[in-house]
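These are the structures in question, set out in turn.
Two complexes come next, and they have one chain in common, chain A, joined by chain B in the first and chain C in the second.
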Partner chain A sequence: MIGNPVLAASGVTCLYGSRTGCADVSLEVHPGEILALAGESGSGKTTVLKALSGQLKPAAGRVLYRDAGGAELDVHALTEGRRRLLMRTELGFVHQNPRDGLNMAVSAGANVADRLLSGGERGYGRARSAALDWLGRVEIPADRLDDRPGRYSGGMLQRLQIARNLVTAPRLVFLDEPTGGLDASVQARLLDLIRDLVATLKLAAVLVTHDLAVARLLSQRLMVMKEGMVIESGLTDQVLDDPQEPYTQLLVSSILEA
Partner chain B sequence: MDSETAFAGAGTSGFTGAERHSARGAPGPVGGRQACRAPAAPMPELGASRVPLPADSSSEPRPPFPSPEPLPGASFPEPLPGASFPEPRLGASFPDPRLGPGEMVRAEGLSKTFVLHLSGPAVLKALEDVSFSVRAGECLAVTGPSGSGKSSLLRCVYGNYLPTSGDVLVDDGANGAVSVARAGPRDILGLRLRTLGYVSQFLRVIPRVSALDVVAEPLEARGVPRDAARRRAAELLGRLNIPGRLQALPPATFSGGERQRVNLARCLVWPAPVLLLDEPTASLDPANERVVCELVREAKRRGAAVIGIFHGRDAWADVTDATCELRPPSCGAAVPPSGGREDR
Partner chain C sequence: MRPGGADGAGLEPGGTIGEILERRGRERRGGARAYNFAYLDEDTKREIRRALLKAVAVPGLQVPFAGREMPMPYGWGTGGIQVTASVIGPGDVLKVIDQGSDDTTNAVSIRAFHRALTGVATTAATDEATIIQTRHRIPETPLMEGQIMVYQVPLPEPMRQLEPSELETRTLHALEEYGTMYLKLYEDVARHGEIAISYDYPVMVAGRYAASPSPIPRFDNPKLDGSPALHLFGAGRERRVYAIPPHTRVKSFDFSDHPFRIQRWDRACAVCGATGSYLDEIVTDDAGGRMFVCSDTDHCRRGLGRPGGPGPPDLPGAPDLRGSPELPGVPDLPGGMARPGGGRTA
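Take a look at the complex of A and B:
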């Protein structure tokens, strides 16, 4: 296929003291595709996500990001200021707990506008109208713009966090269990929203999830992790319908049927 | 490798180690799934899975390639704004030496064996040494008793199951022939986007999405603007007797036959050069079955190659040009490792 990866990691190994968080993980993410990392708790999915997004420096390996100008950046060789600017503009990170990704002390509108302003937007009025537009796109009523996020429900908070991340039109978004901890109905609505936004905005995304149904709905490619290692990877439907590894077969056969 | 050169080279070649991890000693199936199962084999470069034209192909006599003549009654769909469909083609536009003139799909010695690690391991053969060929505008019916691997065969062509041995070549237009057994995940995604349409037995419903948008989605994914995609989807759903009031609802609440028609519309809404139909009319009444047969006839007239499982239903007799009879493999019926669930 045409197109260069927007993110490429090779041989990424992260250690927590003597314990291994992830070992020798290599992957590529291309524009417009969602790559899912699946596995049970403690398999190293979130460690990989932190290493990819520059929050955790790997003991070995490297992570390369291609920025909007086409320059290749070694994510872990950037200055902290440069990395933070990237995280506010071209990259997004949606935390499982929206409180980790939002400023709970300011209004919902300010949460969205903030990211624009800190990313270089100078016009306050433009930032506010962009915030309003984005709240509409994630189906938050306009009259809740000036509410503090503390007054939002869990599903609304997660949609607000998504709006905050997408308002700067990022090129690559990291999603850490974005629908974890939500009711099934709220989860379905959020999945639909993410699917639609990713398709419309031609985003690339790395999705961490323990829920194989979420991976099937959202991702084109899937990597299965166990004990810090990627044990199987490929097309999402192929890995789920024709799993090769014993552990993947166990995961797939453990899905509850509704 | 420094950061200046890391992204250099076509596609992914700058990242030679990319997605190579934890090589296991176990012999894997042929290529396909990424190198995690290939012991110490070098990663093929992106695109290497496409069958390359031999360098000296110009010096070899190539079979004459007939210029496609329009078939009687051929009607190509109206061009849609923004659509980036391949030109309707009758056979390969860039003939590949591994496919004959007009040949769209060829399977050679295709075998599929499931190894169920959780039950023993148990080894189940689903397909054994299956070969066939389908040309543009032809329909091949796959027949055989239950458990003879008909669905597994279609899934192998679609890249959903990894063949254990053998190969499937699919004409991917300007990209030449793609070896489905050896192609990487992103090559399969491209092949599906450009060439393969697949109807599974059951529709996997996406929560909250209306039937209309479920059907419009494959068009949007191929660059058709949303409004035009919805108009085309509504028109096709109308032909399949899904009225407007149902089109606005998510198919989760639909009857089996309605769901199957939504599923069919999703596959037939764009002009796929290859159609894979797994019991497309199993739960349809005769009137709707006739509509589906007519839609598939129209697809054949525009040059689509069709591979289908029809279970000998009379309505399909005059759509079918050839038959591929499967026998149950030597060691019994196969259950996929997901426990035989087909409802997705």
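Take a look at the complex of A and C:
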């Protein structure tokens, strides 16, 4: 890869007491690239994502983020205030359950405007038109702007969560099973949407999924995890078409033929 | 009239700790007084004053204090009463209002409580008082240097409605992350076309801490900005005190395109003719009759807001809804606050 990675992790190890969450994970994410972490439940994918996004302090290893100004920041050495600021400006986190990432007590519009208002936007009109614009971009009808998210369907909730994250034009987004729990047709539309947004916004993303079809559709590179370790990595097509490890072969062979 | 100042706030006469302890011991052994001055014992008052000092030093910061059980339920002003009891001294002149009125049940009861347990002089006149304990209003008469406003606060946390976790709200305060405050305003404008918070309108204190001004109408918010008086807020149930020291910048949260506005009325007070004061709507009969009168009874009674200058209300035929101009005499603790038996000091 040419140029500097936007995110670089080296030797990240996370422990839950005496149990290992993930061991010695190193990776790089470059601007405009989607990196997928695949593996079965309990393989440590989400642990890695939490460590990368600063929510979980690793027992060993470093996570470096290159900010918009080009400065290299150690995500876990930042003050809490600085880290939270990054999380609501240059970074985004899309939870598997949209209710974890949304404020269910306020309207959809307020959910999207939230990051702008936190970032110092003091004009109601500007915040509202940005919210309206983003609702349109994630294909939510404008007349649902003032509805509480509780009245949205599952697919709409997930799109709303994506809009909420992207409104501040982040540079790097963490996606934790963004299509989990959605039915196949809604999943397909959501994947299309994510692919479009990522391409037009030149986003970098780390995608966690157990669904190799999602990984194939969205990501350029793929890392396969098992028992907290990365067992195989490479270009997505290469890994999926010619898996080397027996476990990866098992995963690939378990995909239903479309 | 210049207020006497809160000198000797809360301290018994006769200075050193040794002397105080000795005297208290004497009282316990069947001495003169059944209760300590101002109900709370000196150590409790000292602890609350310590919290208040910190609150004054960091304007708008909610400071925890060891709130005591008071002889009345939470929600009846236990926070304000503890603050008043901690700062009051024998030379103080106390005014207590509830909804701007000196004569409502709560105001009468709380005033009686303090008078019975301190013996201080009480007044209805804002400009004679050194301590004004209040719920819902800041008097219309401009406050002066040396005066202390004491607020009874039900919910000290301005972000509680949108953020139920105390840990999180404390973090938000510490990191000065006040996006949540604007979220609340956004919802209001989206729903009602304007910021519809009519009371307890959140403010930014000294450009640093978001604070709840307690349930005063937003009409009173501008009175906090740069006020020469000391404003002390006590929340009994939540065990928090906070303060707005004299001459502190207090700004109400708003949007640049939906600026903060106070309530206005297109009429004058029906009793005293005051314009520009906060008016209560009073239903006068079953046929839809209503009148608007000053909520601040002292202001109204003395006609301080009349366009022609101060003077008693003289509108012909105006019903006197405001009771007698003298404060009703309240002999002792009201029935609901019976003294516990025995002669023990609290």
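Definition applied: the second predicted complex is superposed on the first by the 256 of 258 C-alpha atoms of A that agree within 3 Å, B and C clash if a C-alpha of one lies under 4 Å from a C-alpha of the other, contacts with A are read in each partner's own complex, and residues count from 1 in each chain.
Going forward, a contact is a pair of C-beta atoms (placed from the backbone, for glycine too) under 8 Å apart; a residue touches a chain by one contact, two chains touch by 3 or more.
Since the model is a prediction, treat every value here as computed from it, not as a measurement.
K.L.:
Does the chain A-based superposition show chain B and chain C clashing or fitting?
P.N.:
Aligned through their shared chain, the two binders fit side by side on chain A.
K.L.:
Figure out whether A:Ala77 sits in contact with chain B (first) or chain C (second), or with both, or with neither.
P.N.:
After superposing on A, A:Ala77 lies in contact with chain B but is clear of chain C.
K.L.:
Examine A:Val48 and indicate which partner it touches, taking first as chain B and second as chain C; both and neither are also allowed.
P.N.:
In the superposition, A:Val48 touches no partner, neither chain B nor chain C.
K.L.:
Once the structures are superposed on A, label A:Ile140 by its partner contacts, choosing first (chain B), second (chain C), both or neither.
P.N.:
Neither partner.
K.L.:
So, A:Gln238: does it touch chain B (first), chain C (second), both, or neither?
P.N.:
The first partner, chain B, only.
K.L.:
Report for A:Leu117: first if it touches chain B alone, second if chain C alone, otherwise both or neither.
P.N.:
Only chain C is touched by A:Leu117; chain B is not.
K.L.:
Taking the superposition as given, does A:Val206 touch the first partner, chain B, the second, chain C, both, or neither?
P.N.:
Neither partner.
K.L.:
Quick one: chain B or chain C, who's touching more of chain A?
P.N.:
So, of the two partners, B touches more residues of chain A.
K.L.:
In the combined three-chain superposition, what is the angle centred on chain A between chain B and chain C, taking C-alpha centres, to the nearest 10 degrees?
P.N.:
Computed angle, apex chain A: 160 degrees.
K.L.:
Check the superposed model and tell me the shortest C-alpha distance between chain B and chain C, rounded to whole Å.
P.N.:
24
K.L.:
Which chain A residues lie in the overlap of the chain B contact set and the chain C contact set?
P.N.:
Common to the two interfaces on chain A: nothing.
K.L.:
Help me check something: in the complex, which residues belonging to chain C touch chain A?
P.N.:
162, 171, 175, 177, 179-180, 182-183, 185-187, 189-191, 255-258
K.L.:
Report the residues of chain A in contact with chain C in the complex, numbered from low to high.
P.N.:
80-81, 84, 103, 105-107, 109-110, 113-115, 117-119, 121-125, 127-128, 145-146
K.L.:
Using the touch rule from the top, collect the residues of chain A that touch chain B in their complex.
P.N.:
1, 3-5, 8-11, 23-28, 30, 33, 64, 66, 72-74, 77, 188-189, 191-192, 195, 199, 216-217, 220-221, 229-235, 237-246, 249-250, 252-253, 257
K.L.:
In their complex, what parts of chain B are in touch with chain A?
P.N.:
3-4, 6-7, 11-12, 14-15, 17-22, 28-29, 32-34, 36-37, 46, 114-118, 121, 155, 159-162, 185-190, 204, 206-209, 220-221, 336-339, 341, 344
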